[in-house]
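Below are two complexes that have chain A in common, paired first with chain B and then with chain C.
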Partner chain A sequence: MKKLGSYKLYAPRKDEDIWNYETIEDSETLVDLDYQNTIVAPKKIIFPQREIFLEFSTSNDNSLEIREVLPDDKPVVIIGLRPCDGRALALMDKVFSGEFKDTYYWKRRDQATLVGLACNTPPSANCFCLTVDGSPHSKEGLDILLTDLGDKFYAESLTEKGDKLLGEAKGLFQDPKPEDKKEVKKIQAESDEKISRQIKNIKNISAKLKEMFDSPFWDEESMFCIRCGICTYLCPTCHCFDINDEVASSSPLKGKRVRTWDTCQFPDFTMHSSGHNPRPDKASRLRQRMFHKFQYFVELYQNFQCTGCGRCISYCPVGIDIIKVLDKVKDYGA
Partner chain B sequence: MVKIESLREEAKNLLKEGKVKYIIGYESGPNGLLPKPIFIKKPEEVEKLIWDPTCVFNLTRFLADEKRRKAKEKQPDQRPVGVIAKGCDSRAIVILLQEKFINRNDVYILGVSCEKEGVLDERKLARKLKNRKPKKVEFGEKDNFIVTTEEGKIEIPAKELLADRCLECKANFPVIYDVLIGEKTQRDGEKPFKALEKIESLSQEEKWNFWKEELSKCIRCYACRSVCPMCYCDECVVDTINFAVTADTSAEEKAQKIKWIDKSPVSSENFVYHLVRAIHLAGRCVDCGECERACPLEIPLRLLNKKMEKEAKELFGYEVGMDPTQPSLVSSFKDEDPEDFIR
Partner chain C sequence: MEHNVYIPKLAKIIQIKEEVDGARPIKTFRTTFLNNNDFVFRCGQCVMLSVFGKGEAMISISSSPVVKDYLQFSILKMGRVTSALHEMEIGDLVGIRGPYGNGFPVEDWKGKNIIFIGGGIGLAPIWSVLQTSLNNKDNYGDLMLIYGARTSKDLVFKGELKDLRNKMPVHLSVDVEEPGWTEFVGFVPQNVLDKKPSPQNAIAITCGPPIMIKFVIKALKDLRFEDEQIYTTVENKMKCGIGKCGRCNIGLHYVCKDGPVYSWAELKKLPQEY
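Up next is the complex of A and B:
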């Protein structure tokens, strides 16, 4: 920990019963990696729930001053990411690149070294990473992957950033022995067998969904949805946001332009300024979530946008289960 | 002991005779311990209904959805909706009736008595079992719950697993119902409002710090609001849905539409949201515990909303959710009401 003095360290911390990513301030605190998964995904470190874009104010002569507010320059280490959460960031990278590279996202992303922790056993009863082309030891999106060998960790560097971090912590590591590498392979193979919830072969789900856009299927599935934001806010890949001006005073004018998380499940998400709402009911909003994860994203980026972490299933207050919905979509009309 | 067969039989008859549109009940959860809500339309489907300590949800929340659905239909089916209600759930229905949000003949209440027990707190069970995963929980004899895990069945005293509100429960059985399954047995509950004692003993500053820390976890998912049967406002203080826009509404008016609470999950906004919601629940919160259960960050929201219930009792002698003919607290007054705060 002392060696990482120049970095800001984020690790999972337990507060009563719940795990969440927090900064570790002092070098005496031990990082506890004996955990399942955090409630809020580590996306909140790279893509915070509140991001200030700029500040504006008028001065005495009524001239408007606008100041850009960029994230701090401090390099960050996030330790303990589960492979599904790491993979999720790799997927979010696609969204925030392309024609327009999001300055704020990439500043944080580039400054962060992600040290993942492979899942020897599934962190949740609702894990289904294998179904969506992930795995409990996936390396996507990560810079280093740790595997817990019981009395020690096996660290594998995957990128230049990973090399750099391991280089800085040189004294803390030894070279692995051949039996260590064997053990890692064994654990990885076993962990694949332990994922209990799976749907075999959902390759055609995207095409199937396309046919079901107007189906009454969505009315039935969304019957119990209570329109909260839990599924989207806890999801490691959901990234929709709202931008608002938060005005502290109007005369003289002083305020901030702020980006906050938003969710397609709130009724006013697609409210137009004309008053029209193209997604006025729960059915259209649940459909939107399923389509975004399993159809639109596939068309745009050839990947499912879901990484199978299972949080939306575990925390939905009314038990709406994305795996069950996928299953029903697969068999619909058969 | 409540017999599930009696419940299913009642439900079946109602559906056969066409007395209700559908019945809202509990069915076995698809994965994990807690059940799922179910709408049953056909008599044969009643076999899916279950009743056990995991039936924690307050199903009356779905009555608001039903009302909205009806409002959109040109010739709505006027039959009532059947709902399975525990004691706490029935008190929520009482509030909805007091406020004339629904009419008495809009709902057919299949009351279920918790008898001597109550419902499970899933988090307490997880702590008790540590890493063992529970598959099923049933009512046992002698005030125990029978918990089935992969390793077999164990008996745990109900007191250790009951939801906090059940420990203080004063209406172990529904206070209003069309049919009652089970008996009206009383349980020796704890002192009312015992849960608030610890926090009430804190100093002003300690209370502030307590809530500041708890609310810093809040991600404003609004699950607490969405799951509450009493939060049925079409436009909530946090939403901007029904801004009446006409052809004459200027761009400036649209841009300057008042936003009561900023979307940012910062301390000030989180406080305002939760405190405003608590105040809006004064004399209306029946302590069904759903807000706290739904919160993914385990913020102890019951404490805030239950305080409102206590104030109603202590300041105004008002028992929340007991008598549907009673007017709501905030829309009525008595000559004896305290006046010492009027200067």
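Up next is the complex of A and C:
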């Protein structure tokens, strides 16, 4: 990894059986890509769980100063993203674009080169990328896609950023042989077959949901929810956030305005200061999560806001299973 | 680097007026920006107002865009930020970013009669349109205000309302009878039915507590207003103001960006989740 010295490197690291993205500080460290998937999605590198927007302080003459705090200028390489997590960033790009571009998000996003790793076998028993228009070798959102060929990786550059990185890593890669390309095709076809959880044809799910807004279905499905928010914190596409002031000293005033991840599954997410709450119960909050991903987002951006990584299923403490919920929605009233 | 939408501009409080005291106090603040004021907004738009160390809150601008010297906000003391605002003094600094939201389509209302219907602090967003239409009186037909609060003490803009009577019909109400009150006693929707504004070539704008809005709309429908003639504003908890933080949505509409102004024709099509 010495070759990439000008970049800040992130890669999956194992710590007590848990894989998560960490910075690789030491250029001698070998990056181990023999992993399933990280618990926390790599969205945390582009959209951190906590980030400072600005600092404020009053000086002796009582004048107030505000200082914009922007992310570092260092280019970043994220190695080993599963294709679902790469696609998730492509979806998040849509949210943070538009009339009001999000300065912080795009500063990090523009500086990052995403090196994906195709899934030869599904990293989780709950993978369902094929159901939501993804695939174990999707290239969307990525700059380079690696495919594990056993004794070597096949690297395909997908963007200018990818070309640049491969150029800088010259010597690590050789030109592929024709049989390598064939092997990649074969592995990709096989990997599609290995995804065990699938629902065929959820194209009409958005229209179906629209009819179910007032259904008692949401009470039934959310009954066991303990509103922990894990489903949204671990989700690679969930982007909801809070903005708060953290005060270090009140006189003279000194503090920071910070953005933190938030979740639609918490009761106070939508609660007015008057106490009125438009989404007052678990049913309305599960409905919001499902509608945001499979109805509102579809109408706004023509995509599901879900890439089928399966984290929300694997880590839900009470077993709420988004595939089962979708399957029931699909057949509801039939 | 492009403009960073999350960085507020500093503004100084130049005037504070106590509108209502007691358990639900309301104050009106006027602010001017410290640096060049290139702030342009439409009636009905809002800003994210910062009290540094406390946070931000979405507040509607109650002054008219024709007023260039200051921005005005009438604020009910309610949560963390508004409570801190109520403690502030003239000369104190706040942060302002925005303006946000769609605003009222006042350009489409030229030549029409406008009936303003407010309850409590709900007069604040209405006040901006009302002042703007008074300022361009030739552009509009007859104007009328129907406004009420719990008690006469809870009415905002008391002095301004007196002056307003010289310019347009003003029908006030209080919820329950009180000594010396000579105008309507009852809820705002009842006053609407009592004054019977005509739907002929008219637009009705209503802001106030959700329950009042609901029954004002019902009253206006009884008076044969079409859905497209009725406008209201929606409030929800907001953090970003730019349709990204994910909490103020009604269906696929982010109220901060796509609202807060809706015609009843638009609003009734959205999920009833607000």
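Definition applied: the second predicted complex is superposed on the first by the 334 of 334 C-alpha atoms of A that agree within 3 Å, B and C clash if a C-alpha of one lies under 4 Å from a C-alpha of the other, contacts with A are read in each partner's own complex, and residues count from 1 in each chain.
Rule of thumb we're sticking to: a contact is a pair of C-beta atoms (placed from the backbone, for glycine too) under 8 Å apart; a residue touches a chain by one contact, two chains touch by 3 or more.
Source: prediction; values computed, not measured.
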| item | value |
| --- | --- |
| Clash or fit (per the criteria above) of chain B with chain C on chain A | clash |
| Touched partner set for A:50, first chain B, second chain C, both or neither | first |
| Which of chain B and chain C A:16 touches, first, second, both or neither | first |
| First, second, both or neither for A:301, with chain B first and chain C second | neither |
| Touched partner set for A:126, first chain B, second chain C, both or neither | first |
| Touched partner set for A:332, first chain B, second chain C, both or neither | neither |
| Which of chain B and chain C A:64 touches, first, second, both or neither | second |
| A:226 touches, of chain B and chain C: first, second, both or neither? | first |
| Touched partner set for A:173, first chain B, second chain C, both or neither | neither |
| Chain B versus chain C as contact partner of A:269, first or second or both or neither | second |
| Selected from 73-81, 91-99, 199-207 or 235-243: the stretch of chain C that, after superposition, runs into chain B | 73-81 |
| Chain B and chain C footprints on chain A, overlapping residues | 242, 244, 262, 271, 273-274 |
| Residues of chain B that touch chain A when the two form their complex | 29-32, 34-37, 39, 57, 61-62, 123, 126-127, 133, 217, 219-223, 225-227, 239-241, 243-245, 254, 259, 262-266, 290, 293-294, 296-298 |
| Of all residues in chain C, those that touch chain A in their complex | 1-8, 10, 52-56, 78-80, 82, 93, 95, 210, 235-237, 239-240, 242-252, 257, 271, 273-274 |
| Touching residues (chain side chain A, partner chain B) in the complex | 15-18, 20, 39-40, 49-50, 125-126, 197, 223-224, 226-230, 233-234, 242, 244, 246, 258, 260-263, 266-268, 271, 273-275, 313-315, 317-319, 321, 323-324 |
| Contacting residues of chain A [partner chain C, same complex] | 53-54, 56, 64, 66, 68, 70, 95-96, 98-104, 213, 239-245, 247, 250, 253, 255, 257, 262, 264, 269-274, 276, 278-279, 284, 288, 291-292, 295-296, 299-300 |
